[in-house]
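In what follows, structures are represented as structure tokens.
What follows is chain A paired twice: with chain B in the first complex and chain C in the second.
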Partner chain A sequence: MSNVIEVESVSKTFRDFWFRPTVKAVDQLSFSVAEGEVFGLLGPNGSGKSTTIKMLLGLLNPDSGNVKLFGKSPKTLAARSDLGYLPELSYLHPFLTAKETLRYYGGLCGLDSKTSRRRTRELLEMVGLADVANRAVGGFSKGMARRVAFASALIGKPRLLVLDEPTSGLDPVSTNEVKTLVKELVKGGMTVLMTSHLLGDAEDICDRVVILNRGVKVAEGAIGELGSSLSDFFLAKVGEGRKFEMAEFLK
Partner chain B sequence: MFGRIRAVIKATTLELVSEPLFFLLTISAVGVLTIASYLHVHQFGEPSRMARDVGLSSVLIFGTVFAVFSAIRVFRREIESGTLQMALSRPISRELFFLSKTAGAFLACIVFFVIVFSSTITTVVGAEVGKIHTETAMSAASHGHCRHDIMPETLWFVSLGVDACTVVLPLVFGAVLNRFARFRFTTTAFAVALVVSVSGCFYNIHLALVEFGDAVSFIPAYVKRILPVGVLLLAPVAVFLSAAAALSVKFKDNAVASFSGLIFLLFLPALGNYYQTQALHRGGDLPWSYVVWSFAAALPFAVAFLLMGVFLMRSKDVG
Partner chain C sequence: MRAFFQIIKLELLSALRSKTMLIFAVAVSLWMTLGRNILKGAESNMYQLSVRYLLGIAFSVVLVSLGSAAAGALSSDRAAKRLQLTMIRPVPHFVIATARSLAITLYGSLIIAFSLLMLWAFEGRGRMCDRVFSPVFEDARRVAEEGYDRLYETNAKFREWADQNDREFCLKYLEDDILNEYVTVDPGKSMSWEIRGVPDDAEDFGVRVRFIDFFGRPGSVAGKFTFRGFSGSVDNPVRSRFYVPLNVRSSGGSGGSALEFHNNTDIPLSLQPRKDLHLLARSDSFAWNAFRAWLVMTAVLLIVVSAGVFFGACLGRGVAVFSVISLLIVMVVSPATVEDYPDPMSLNAVSRLGLKASEFSAWVTSPVGRFSPVSALESEERVEWSEIGDAAMAGVFYLVLFSFLSGLTMSRKQDD
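This part shows the complex of A and B:
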């Protein structure tokens, strides 16, 4: 199986207006994602997961290292043609209706009018929003907005789906719906890269994971290889440093 | 590629015509024009000049404000709301996205321009007809027909009605269609304002010609003379829009507004070349070749700002 994603020794430091370094978000990170697998990028808040995702999407420029999507730079249009992205928050235009939102992203994906209309109809049915297709998304609940964002990630029939904290803030029913949908998509041949700090969700869906802490990879492997409990493994790897900091703070 | 451009332009224009602030700006321009033209004491016997100059000034000043705030709105909102991440994760280049958004904002400026310029023409025609009314009444009075009640009619009631409808009807239709058919209020209001202003302008001219015949036969030619002067104003508006669009990629709202104000002041001496109402005074004409060359002169500035914007967008870390 070929690798859909290849990340090689990537680093990223954020700088202020005067180009002074402020935060080293990612430090010499390397991993790869094979076609057809569900890959998890795990870590506590501020570990560099979202930064890594954004470098994969070409939204951020890595300071060093290489990122490849389907063997190409994420800056190229060809690499992003087969990509669907669901960010951590559902960034939607509040004045557009659900239908218009999907048509807009369909247009950005280069779909012709007919295909865009058909895909919009299918996806709204799939996410259960066909009845509110003509309502502005500004008036949607969080769960509904998330579903629109999910549908917009799928509008271009991507081969790779990148999900940034897909279940964050969702109720248990919606969380289960997302997990079921992801599993269905993977059965259909899609590759999924997801980030999460919710270890239970990662255990349910992911085949392999990388665990980040403060921008550094601390572990990588298949779910079964990392011990009987991912959360214990995670706390062991990530929690030590935090305990040390807390002890110092309390002195 | 054209599908992507169309998608971005459509969403951008829709965003701006859905924005109450921009609708308020547009009907304020029409309102100022109508009120100013009806103020007898400021006209010094030249009511249509007042209407024309106030109208064209409104197009330039309100139009510049509209352009700058449109650019700030479309770019800063994309960046701060996070929708830029969603858009740029798709197979669309940053350059194309930036240029398409700027084009969408310019299209909204064109809508503004058409509404305010049509209202200007309506008010100018109304002022000319009003002048004829006054002269006729005063002539009748001077021939012994006692008219103690002569008031200088500086604006024909039909023109006043069309201008008032340009302000009121959009609000009414917008409210009714929003209430009963769930149409977007501001978008509907903009569309109605566009239809009323343009059709009202043509209706106004047609009715004037029908009712007053030879006395107003000069009006179509006069309107044709005003047209190039109005179109010329789109050039500085386009330059300010490009500047604000480029700056909005890098800086926040207040900084962009301040920089745009500074650019306005720097270009103020040159703006005189684009505000050519004097060409119309005393029967002058502004040739279309002047308009074309003026656009050509403004083009390098607009292109420079657009290139700056493309460069800033290309190198920007998003998210």
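This part shows the complex of A and C:
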């Protein structure tokens, strides 16, 4: 199987206005994701997951190292045409209806009007929003907006789906639906890269994971090879030495 | 192309559903209606005042508002993290900038069209416009260059002065002299000027002229203008600026391209024909002229909006909006500063630097400032197709340039 994502010794340091380094977000990170795999990018807050995803999407340039999607730079149109992305928050245009949102992103993917209409209808049915297709998404609940964003990520029928906290804001039933959906998509040949704070979700879906802490890869492997539950493994790797000291006045 | 039209549709839907267009339409209606009632007190020159203040201010507000909206288009979307969802799709980034610039210009042009429509309803019905023809003269710049070389060789005083100043300044000085050159028509004598390009079938002529002595004072004027067998007399002891309709047609004398003036007074009459002598030929209606002016205004708006989108691609919303407004202020102020053209030798170093900065600003903003459809409408002059062509070319050039730069910036700018 060929690799869909290749990340080689990538580093990224954020700088202030005077170009002084403020934080090293990612340090010498390498991993690859094979076609048809569900790959988890895990780590605590501030571990560099979002920065890594932005570099994969071509929204950030790495200071050093290489990022490739389908063997090409993520900035190329060819790489972007096979990419779907669900951000951590939905970031929808509030004045568009659910249907218009999908048609808009369908248009951006170059779909003709007929295909775009058909896929929009099918996707809205799939995420359970067919009956509110003509309502402005600005009035949607967080969970509904999340479903629209999920459908938007799929409208171009991407080969690679990047999911940033896909179950964030969803109720348990919807969370289960998303997990089932991801598994179905992978059966159809799609490759998925996801981040999540919910280790149970990652354990349910992912074939392999990379665990990041403070921008550095601390572990990588198949879920089954980690030896213990993902949660225990994760806490052992990144939780070491981290403990809240209760403030005196709260005791 | 599908992506391009989707982005345009998105921008227009945004303007419609956020009620921006409605608010604009209501504001323009209120301004045009209330402003007209205020101007009614002036009674005379109602048309000119309406064009200058009502349309002029409406157009300025559209430029400022939509320039600012353009500056906010990409920057706001970036701040709200929506831009990244468009940028990761298979759409070249310059297409995103181009589509947004065109969409904002499109709805701006609808607002301009609406204000022109209201102006037509108030003052434009039955009104006509004129084509303006100037006498044929040798190019002032070339004459100045020849004069410079000749004077430099033959006149020691000029050579000394020229050596103290840069050549460009001296040429500008000489060019101004040539443009302001007086000619004198002696008592009982005639003088003629060649006018080219007047259509053969034109029949309704007038002359716009200003007689003035060497001290800038008006004097008594009496005389007769003739063009292609049409003539009109002027006889006024007080005013210096005249519109002389050529409404008397004599037999014969058709064709030809000379505008002739015969001095009927017993004193010499002076004028500056390069500046103050124009033949006017009746063209078509205000409505057509307003349509042509609308095309030029749309092109000007396109330049401002494209610049705004570019600023928004590079900067945060606040700074981008500030930059657009500064650009428009500089556009208005710089040409006047440069036009006055103070002598660089009489300025101190700081003022010279300021003059250079003004010249640069005037040069940078000249693509917008040099088109003046509002003043053409005000003076009932026909907006020429050549001006529309120039404006359209400038609009497309700056759209392509700024969109390309915006695309480049969007690709390079770190979304952190």
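Remarks
The working rule: the second predicted complex is superposed on the first by the 241 of 251 C-alpha atoms of A that agree within 3 Å, B and C clash if a C-alpha of one lies under 4 Å from a C-alpha of the other, contacts with A are read in each partner's own complex, and residues count from 1 in each chain.
Definition applied: contacts are C-beta pairs under 8 Å (C-beta built on N, C-alpha and C of every residue); 3 or more make two chains touch, one makes a residue touch a chain.
Since the structure is predicted, the reported quantities are computational estimates derived from the model, not experimental observations.
With both complexes brought onto chain A, simultaneous placement of chain B and chain C is prevented by a clash. By the touch criterion stated above, A:89 is placed in contact with chain B and with chain C alike.
Once chain A of one complex is fitted onto chain A of the other, the partner contacts of A:110 extend to both chain B and chain C.
When the two structures are aligned on the shared chain, A:154 is found in touch with neither chain B nor chain C. In the superposition on chain A, no contact is made by A:190 with either chain B or chain C.
Within the superposed three-chain model, A:98 lies out of touch with both chain B and chain C [touch as defined at top]. In the superposition on chain A, A:134 contacts chain B only, with no contact to chain C. Remark: of the candidate stretches 81-89, 135-143, 171-179 or 207-215 in chain B, the one overlapping chain C after superposition on chain A is 81-89.
Residue overlap on chain A between the chain B contacts of one complex and the chain C contacts of the other covers 14, 54, 57-61, 77-78, 80-81, 83, 85, 87, 89, 91-93, 95-96, 100, 103-105, 107-112, 136, 152, 156. Within the complex formed with chain A, the residues of chain C that make contact are 2-3, 5-7, 9-10, 13-14, 17-18, 80-82, 84-92, 411-412, 414-416.
Residues 14, 50, 54, 57-61, 77-78, 80-81, 83, 85, 87, 89, 91-93, 95-96, 100, 103-113, 134, 136, 149, 152, 156, 162 of chain A touch chain B in their complex. Residues 14, 54, 57-61, 75, 77-78, 80-81, 83, 85, 87, 89, 91-93, 95-96, 100, 103-105, 107-112, 136, 152, 156 of chain A are the ones that touch chain C when the two sit in their complex. Chain B meets chain A in the complex at residues 1, 3-4, 6-8, 10-11, 14-15, 18, 81-83, 85-93, 182, 184, 315, 317-319.
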